[in-house]
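In this document, chain identifiers A, B, C and D correspond to the written order of the chains, with residue numbering beginning at 1 in each.
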Amino acid sequence: MTTAGESHGPAHVAIIDGVPPGIPLTVDDLMVDLDRRRPGQSKIVSQRNEPDVPEILAGVFEGHTTGTSLAILVHNRDQRSRDYSNIKDLYRPGHADYTYDAKYGFRDYRGGGRSSARETTVRVAAGVVAKKLLARAFGGHVLGYVVQVGDVRADIADPAAVTFDQVERLADGEANVVRCPDHEAAARMVELIEAMRSDQDSIGGIAEIVATGVPAGLGEPVFDKIKADLAKGLFSLPAVLGVEYGSGFGCATMRGSEHNDVFVAAESNSRQRPIRTDVARLAAESNRHGGMLGGITSGMPLVLRAAVKPTSSLPQTQRTVDRSGAAAEIQTKGRHDPCLLPRFIPMAEAMVAIVLADHWLRAKGQCLDSPALP
Amino acid sequence: MTTAGESHGPAHVAIIDGVPPGIPLTVDDLMVDLDRRRPGQSKIVSQRNEPDVPEILAGVFEGHTTGTSLAILVHNRDQRSRDYSNIKDLYRPGHADYTYDAKYGFRDYRGGGRSSARETTVRVAAGVVAKKLLARAFGGHVLGYVVQVGDVRADIADPAAVTFDQVERLADGEANVVRCPDHEAAARMVELIEAMRSDQDSIGGIAEIVATGVPAGLGEPVFDKIKADLAKGLFSLPAVLGVEYGSGFGCATMRGSEHNDVFVAAESNSRQRPIRTDVARLAAESNRHGGMLGGITSGMPLVLRAAVKPTSSLPQTQRTVDRSGAAAEIQTKGRHDPCLLPRFIPMAEAMVAIVLADHWLRAKGQCLDSPALP
Amino acid sequence: MTTAGESHGPAHVAIIDGVPPGIPLTVDDLMVDLDRRRPGQSKIVSQRNEPDVPEILAGVFEGHTTGTSLAILVHNRDQRSRDYSNIKDLYRPGHADYTYDAKYGFRDYRGGGRSSARETTVRVAAGVVAKKLLARAFGGHVLGYVVQVGDVRADIADPAAVTFDQVERLADGEANVVRCPDHEAAARMVELIEAMRSDQDSIGGIAEIVATGVPAGLGEPVFDKIKADLAKGLFSLPAVLGVEYGSGFGCATMRGSEHNDVFVAAESNSRQRPIRTDVARLAAESNRHGGMLGGITSGMPLVLRAAVKPTSSLPQTQRTVDRSGAAAEIQTKGRHDPCLLPRFIPMAEAMVAIVLADHWLRAKGQCLDSPALP
Amino acid sequence: MTTAGESHGPAHVAIIDGVPPGIPLTVDDLMVDLDRRRPGQSKIVSQRNEPDVPEILAGVFEGHTTGTSLAILVHNRDQRSRDYSNIKDLYRPGHADYTYDAKYGFRDYRGGGRSSARETTVRVAAGVVAKKLLARAFGGHVLGYVVQVGDVRADIADPAAVTFDQVERLADGEANVVRCPDHEAAARMVELIEAMRSDQDSIGGIAEIVATGVPAGLGEPVFDKIKADLAKGLFSLPAVLGVEYGSGFGCATMRGSEHNDVFVAAESNSRQRPIRTDVARLAAESNRHGGMLGGITSGMPLVLRAAVKPTSSLPQTQRTVDRSGAAAEIQTKGRHDPCLLPRFIPMAEAMVAIVLADHWLRAKGQCLDSPALP
């Protein structure tokens, strides 16, 4: 996959190569996750209004992927023709303004240009294609949710048991706007985020992403370990400052004897199974290894977490410098998210799904049907 | 770079492409970091004895890199011809035995085969080449050290001020075997590691890696963000379960107003400067952004941390299963590290240096001298 | 660069990564070569009428490339809503219909779908960007022309002396519709092509592409030899059945003593010079090596030739089979080119320019300023 | 695959990634083609004596490929410690001496260093692995032979019917040292090559490479057309100045009505079949398309030809210049091949086999079992 597009340019576009032929795909399929990503979806996110309706430019014929390059375009509709003269020579704290200038000498300063998180629209669309592939290939499923906002932590007994419904809906059927499946914690998170907005401030948090149904045997032994590619995928998203899986940073205080997960035989109808039919089905009694050992999936659910910083754009006045290095003040007037987490979930799911789809295709190419070799 | 080699095969080898011509390089240069990585270097690491003397097979002529493919080989000398019949059909907990079988159908079971951390010897050698490149290109320097072992945490006032000497030597000139620059903490870490060994157990920890002198402007805007490539590099190392930079997971509880770092003008002779001469030199009053914004270096020191799990190989008896899925017991008899951290440091430095060198070459190719375009 | 798009889909799109920042670029720049490629440009090419006006979706700000991903889109306007029922189950001879089905199981059969040469519109647009880069980087210039149509061969004394004007204009100022700089041969070629059209037939030919001003030192020593990448670029174009450079297939009958070109010192102001300033400027007395030795440019003009087959689509009835393998007859009714060569020229120039631009950026990254290393 | 090594360095080494697990592989397997490539094999090739015994460093366990990185090393044994002072400052005509200096500033001048064709030893070894893969995957077979040396042309009725035995043996059982399956022509070729040697000269020629049993459906639609990757593979070999397939440059004088090959149904037990079982088996009545249409294999035999220049190294005195650009004379004293073609055959077969193996793995990953998707 590759993408192009700037926040205030005419459109964002993704070209996705390697999609297998014959997968049913419509614009409606793409809308499911685009609606979860779009601004204006709830009271606790940015109030910009972008419908984000994608156009499939290429790679689908009579409702199915053709196997050739897939192109998805999303027009940028709500580009308010604002006056940017007040920020074009200022470097916004926490943003890429200075680093782009340092690299390229100048930048498209309108709404962050290429560095805008709006670029993730087309990645989320591509993620839908990857999710469909995983479902068809091995019944795989990727689901993300919020586990922490500021000091509010969710209590999740079993990451692999969380359902899409718990993430998207509250008990009363109302939208779970913060996407935390611990609904008691969710209520406190919403409160905290609203407090941030009235303080003209923002707050960070942590997302957890779980992939279930993934067979053992995906990933490469050295450089393209699946943990390495998943981490790269998540760190390629804006505002991510940390990624961990399984016991994560908690492993630092553990002994080997308590950290090692014990293998046991898996039921013959369990979801734990290897990509090769000539190898035993195993499970583990616990999952501190987060579903990956030696860079290769173990058959247990993949469990990852990503730390997301508080939104850098703030309505309150901040100190900074201008292009010449002279001290200045800046207020970012846009309609920003006081907390990035609720809209981050579909982005993180997309990257995890895309990486898993890539490794599935690699495994198919090199290894999958090797037992069939004479 | 690509590598090949198994723990008990004849040798490990790395081929490194893209090295600029004219860099002085000798086997002695490579030994510096290979000696920091090798087993048997101190009482708290594995007592295997591998001298790890590399051979430069190609790419160096009359003591200088030629610009063509560089090949470095390290023979595997201390392959005790042990009897592996007791483990060849067992899946060691925490290891890649089962996942390799799941992927490939069988595996080289001698000492972990391809999944052995011995593979990192040639990466550490390649890291020396990258470090030389960074030093020559922009005076860059990569240094890692241990900041946590179990519950023992080091107190590091300024990561960018830590010196190689503090990491490698104690005040009395003795070797700092645990590579923690807080020497009081270092003593307690050594104690803890020795306790682990006598308990037939192991312990996890956290490493911090700092890159100083790196100019602003390295990294790509979307998929190949420098944070993403650095994370992939660190996660490609064995036993890493988490990576963070700057404020890392700590950002979750912070507000935007306290998290944003404030830009200020930098001194004209400071190490903070962009790759382009036509852009202002800036610094930041603090470094919660860990030297990277929008996927591109900011000129501030890069500060990363990696969580390393406790060694999975334990001399004590552990429960597991065999190839058929039947319950079994296993004891790993080898001479293993009770804590991976001391030897992890040069591996982590190598991966950080290699990623930075790659991005420097990319920046040179695309951007560096653009001001010179008419 | 990557592209997407089908003949009768909404648009073709290219995403081009790695373009240096600061290059002036407008839609008008792109039109120059798109007009040379488009159907309907003269009486001897396809009479379809596609204006082929591109849209720059991303990567240009205030008239200059930003250094981030460049996206160019060309809408497909003249998609006659024809009835394809007569060909959708037939395999057209010489086309990719059967091979796509063999690979993907089905295909977009409208106008060739993904296999249509219409895909080259966006490559030609990308080629304009590459040409601008070559001109700015080292005064490089890429020019193609037709040297053979059927049995009519042009007489070109010095490939490096052919001008754009000779290729595009006849002595009387009229358009040189066949793009052969030997105007006497050009007249006979036009006659032959018109005869083919009235015979409901088509004819093959040979194009020559020359790159001048290219410094010595571009290309890689082994797999990415510049001759290999140029050949791959030309063979990636539809209908190309052969590529040669310098003496080409003629080398088979030559002795080493007559084939070797003799090096001589070059004038200090000549266009022959290496990328490094510390190496002598050389020229060769002859150019049987076509400007490349050991996979690396020598400083002499690059001279390549590509053989282009006669158009496979013919208005006359041809034998073939249908999807079930049953014998059938087919007539291809579209408005096809009786000879592909005139419109092939800008495509071939584009691929040569793109490959050279890539290698220039690689050389800059790895080698160019190495003398500046301490 | 990637390689490293210089002519007079300690060894050449190749690392090959992506080899499926479970393929039997021994050093003896590799020797078959290495013996066809090595110098000293007959009176008409270089009389250097290099046994070229490879060592498998990694990636094979208990006689089978493991699926992890395969490393093959060939020591350089016959490095006569000659005095190179007479040529180190001279640029040999037809060689890469000047272009390497132009790129890198200096070079390993001993025996051509990195530009030596000795690098192809490890490619030929890798080709053996690819050939085994093709044979196991679909009964594929790659065979090359000489069709022209100077003005002597072989008469080959059906490229797909040529046997390994015809290429390697004469009717009387003697070695067919020139590897031309038209034995009458072979005798005249040998005569011509011997005349070249006594004239202290060399001669060019043409090789033909045929791949049989290749199913329809390999190759990518746009940039990675199989013809493009095969051409890149062949052009990545030293001394290749032209590549064509099917009718090749001969297509220039043909009409569409005579060039198009007519599809017919194939026998159900024929070697012509697509990679998908749900698509009809077709053949073509003729093979001017050389087994590739639209960049994808058609199921017909692949037929390619490569033009190889006369050896540049000549024992006779040639004019040239030195590093300063001053006129000089040079005699290349080594034991060179008066004609490269006989030893070129296994190199060309290797590159064709490697490219086909790569595309087979790609097709398996993306497309092959798609009918099995629900």
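Operating definition for what follows: a contact is a pair of C-beta atoms (placed from the backbone, for glycine too) under 8 Å apart; a residue touches a chain by one contact, two chains touch by 3 or more.
Since the structure is predicted, the reported quantities are computational estimates derived from the model, not experimental observations.
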For the homomeric pair chain A and chain D, should the interface be classed as same or different, according to whether the shared residue numbers exceed half of all numbers used? same
Repeat of C-D among A-B, B-D or B-C, where over half of the residue-numbered contact pairs coincide, is which pair? A-B
Counting C-beta pairs in contact, which comes out ahead: A-B or A-C? A-B
Distance between the centres, which are taken as Cα means, of chain C and chain A, whole angstrom: 40
Distance between the centres, which are taken as Cα means, of chain D and chain A, whole angstrom: 45
Per the C-alpha centroid definition, the whole-Å distance linking chain A and chain B comes out as 26
Provide the list of chain C residues touching at least two other chains, using ranges where the numbers run on. 2-3, 21-22, 67-69, 103-105, 114, 221-222, 367, 370
Line, ring, star, complete or other: which one describes how these chains touch? complete
Report the residues of chain B in contact with chain D in the complex, numbered from low to high. 2-6, 9-13, 15, 17, 21-22, 55, 57-59, 61, 64, 66-71, 73, 103-108, 113-114
Which residues of chain C touch chain D once you look at their complex with the stated criterion? 1-3, 91, 93-96, 98-105, 114-115, 119, 148-151, 196, 199, 201-206, 215-219, 221-225, 227-229, 231-233, 235-236, 238, 240-257, 259-266, 274-276, 278-282, 289-290, 292-299, 307-314, 316, 318-321, 323-327, 363, 367, 370-371
Within their complex, chain B touches chain C through residues 18-23, 67-69, 136-137, 221-222, 361-362, 364-370, 373-374
